[in-house]
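We just call them A, B and C in the order they show up, numbering each chain from 1.
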Amino acid sequence: MMPLRALLLRDMRVAVRVGGGALMGVLFFLVVVTLTPFAVGPDLALLKRIGPAILWLAALLASLLALDRLFAGDHEDGSLDLILTGRAPLELVVAAKGVAHWLTTVLPLVIAAPLLGLFLNLDAQAEAGLMLTLLVGTPALTFIGLIGAAIGVTLRRGGLLLAIIVLPLTVPVLIFGVAAANAAVSGPVPFGTPFTVECALTLASLVVGPFAAAAALRLEME
Amino acid sequence: MRLTAVELACHRGGRDVFSGVSFTVGPGEALTVTGRNGAGKSSLLRLVAGFLRPTAGSLSLDGGDPELSVAEQAHYLGHQDAVKPSLSVGENLQFWAAFLGGSSAGVGSGLGAGSGALKVPDALAVMGLRDISALPAAYLSAGQRRRLSIARLIAVKRPLWLLDEPTSTLDTTAQDRLTEVMRSHLTDGGLILAATHAPLELAGAQELRLGDLDPKSASAVPVGGEVLS
Amino acid sequence: MTLTDLANPSRFLRLADIAIPWLAGTTAIAFAYAIHRAILAPDDYQQGATVKIMFLHVPSAWLGMLCWGLMTVAALGTLVWRHPLADVAAKAAAPIGAAFTLLCLVTGSLWGRPEWGTYWVWDARLTSELILFLLYLGVIALWRTVEDPLRAARAVAIITLVGAIDLPIIKFSVDWWNTLHQGSSVFRLGGSTIDPTILVPLFAMTLAFTLLFATLLLAAMRNEILRRRVRTLHLTKASAAS
């Protein structure tokens, strides 16, 4: 446990200290939300209706930030080699890095989301539904993203490739996340139905992600 | 504890890097791997470390912990230093000590009685980095980063050391420190496998020359006495 | 004392050490007077006491824009005249300006809620002010991302100059577009339309805010100079260690 805890703390420290830290993701999130009314018009009723979807989409894109550096950074400075000589299983190591990414890059987005919901004229019920679905669904985005990050570990500019690989895999999470967020406000579907599926997707990704990513890392490192 | 390699072969990027490599390293022994650039020194070390799979031959570490792989009982010192610039010198070493440190480091390895791992500040002191341990690692020179990387070897006890050009970027003072550290490790019963251009001044070190004469085979040629610089 | 005299960081530090306590004291007095006048000012017949948010909202908007203006001058100082303290001033000013702009957005939002029924609306004035806030955040992020302060300064200077286009947009947005936000009532051709009982506390608050800005700016500049000295000391220590 101690090696994994040390890795988690180190990754969090580095993420917070490098560049703009955690706030870069939030800033990107804010920018995307600000761009929305320029694209769809300032009609508040429309923004209220598509608000949860816009915020989910923006959170998805923002959480991809820093994901391509997750393994590539360690690969470039030789840390990944040493990590392989550690006694912790690679799957748990990968999961620990995923947790660090979620805590430092994605959780600030979830916390900022209700504030940005104000810009899109969401009411309290919509805000609550949105925040809950983001809280539950975003770990799936990170853990699926681990797979893409592992595949692109040897690439220097893997960012776009990662997006192309990972985004299609996140579609189910996006569908059910937005459905749950919308169901919290209106519609015939009760909130529980899409929300339960979203929980299931996240739980599955917590297992599949690290295993697939570890396998990809081993292949790429050869 | 004994590291034995029999007829190792390595194939990378569509070419045979080396084949028919055999050697054995016993407790307190060092093997230096020499050869021109591209002969496969780094590949051999990475193969022993488990980062590459051999296309032929076998590798075994007898007398070690049967539950652990060779890599998990070895320290690997590669070309890069695995130093994060945004962490301080001390934080960097503390991380590796926590991540690589394991209580089974000395079990069945034949290491001597005085084989407790050094605490992080002491390890830094041995490599002359104690005074700057609070400084962000971004401010270090290449030689200082190398010394920080070497400090890892003494902060965590592991029986087998795989060193790839350990003296690169080091000045003479630092090279002396490294030699001291290596001698101490050997005295404790550890094993060293080092790829190097420069002589390492280790008495009784065997030498394995890769890529000499017949590029298809290499065998350990024991070289007695001090390796002259 | 001319601007070139101030170019010496050590001399600036000495000046700042003397000036900051005086400025802080003057700021406190100015706020005391301004708040006093604001409390005495009459309530609005429609909005009641809520209208007094204006005494926070309007000065913070002006200061947010003034700060970007100062950063623009500093940017020219960095790129054109190469004044050594220009980038220090720019870096120190950014978070302060961002804070004023954020205060403007938040107070405006709270003020608008009872009036308009919503916390936010995407009209030209509010949107351009939000854009200013994003520009501030972008500049702050840029300062933090580039490790070497002098290289960061040049990049930031360019962004600052380009972003300055937002200032006239904010000012004239209420004239050029149909906005929910009220039109210009203070700085207009033909004089202000506001009664002196409101105008005086408004200007008093603005003066207090400006003094606050000056105090904070000098203190932040002093911190930045000291921070750079620490960095140099670290670098020296690292290279001296054998």
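The criterion applied here is as follows: a contact is a pair of C-beta atoms (placed from the backbone, for glycine too) under 8 Å apart; a residue touches a chain by one contact, two chains touch by 3 or more.
The model shown is predicted, which means the values in this text are computed figures rather than measured ones.
Measuring between mean CA coordinates, which chain is farthest from subunit B?
Comparing chain centres, C lies farthest from subunit B.
Name the chain with the Cα centroid closest to the overall protein Cα centroid.
Chain nearest the overall C-alpha centroid, as shown: A.
Subunit B to subunit C: how many Å between their CA centres?
The separation of the two C-alpha centroids amounts to 57 Å.
In whole angstrom, what separates the CA-based centres of subunit A and subunit B?
Each chain reduced to its C-alpha mean, subunit A and subunit B end up 38 Å apart.
Would you mind pulling out the distance in Å between where the CA atoms of subunit A average out and where those of subunit C do?
Inter-chain centre distance comes to 34 Å.
Mind listing the subunit A positions that touch subunit C in their complex?
Its residues touching subunit C are 19-21, 23-24, 27, 30-31, 34, 37, 42, 44, 47, 118-119, 121.
Okay, in this complex, where on subunit B does subunit C touch?
128-129, 131-132, 135-136, 138-141, 144, 173
How about subunit B: which of its residues touch subunit A in the complex?
Residues in contact with subunit A: 49-53, 68, 71-72, 74-76, 78-84, 86-87, 91, 94-96, 98-102.
Contact residues on subunit C for subunit A in the complex?
109, 118-123, 127, 130-131, 134, 137-138, 141, 144-145
Which of the residues in subunit C end up touching subunit B in this complex?
147, 234-235, 237-239, 241-242
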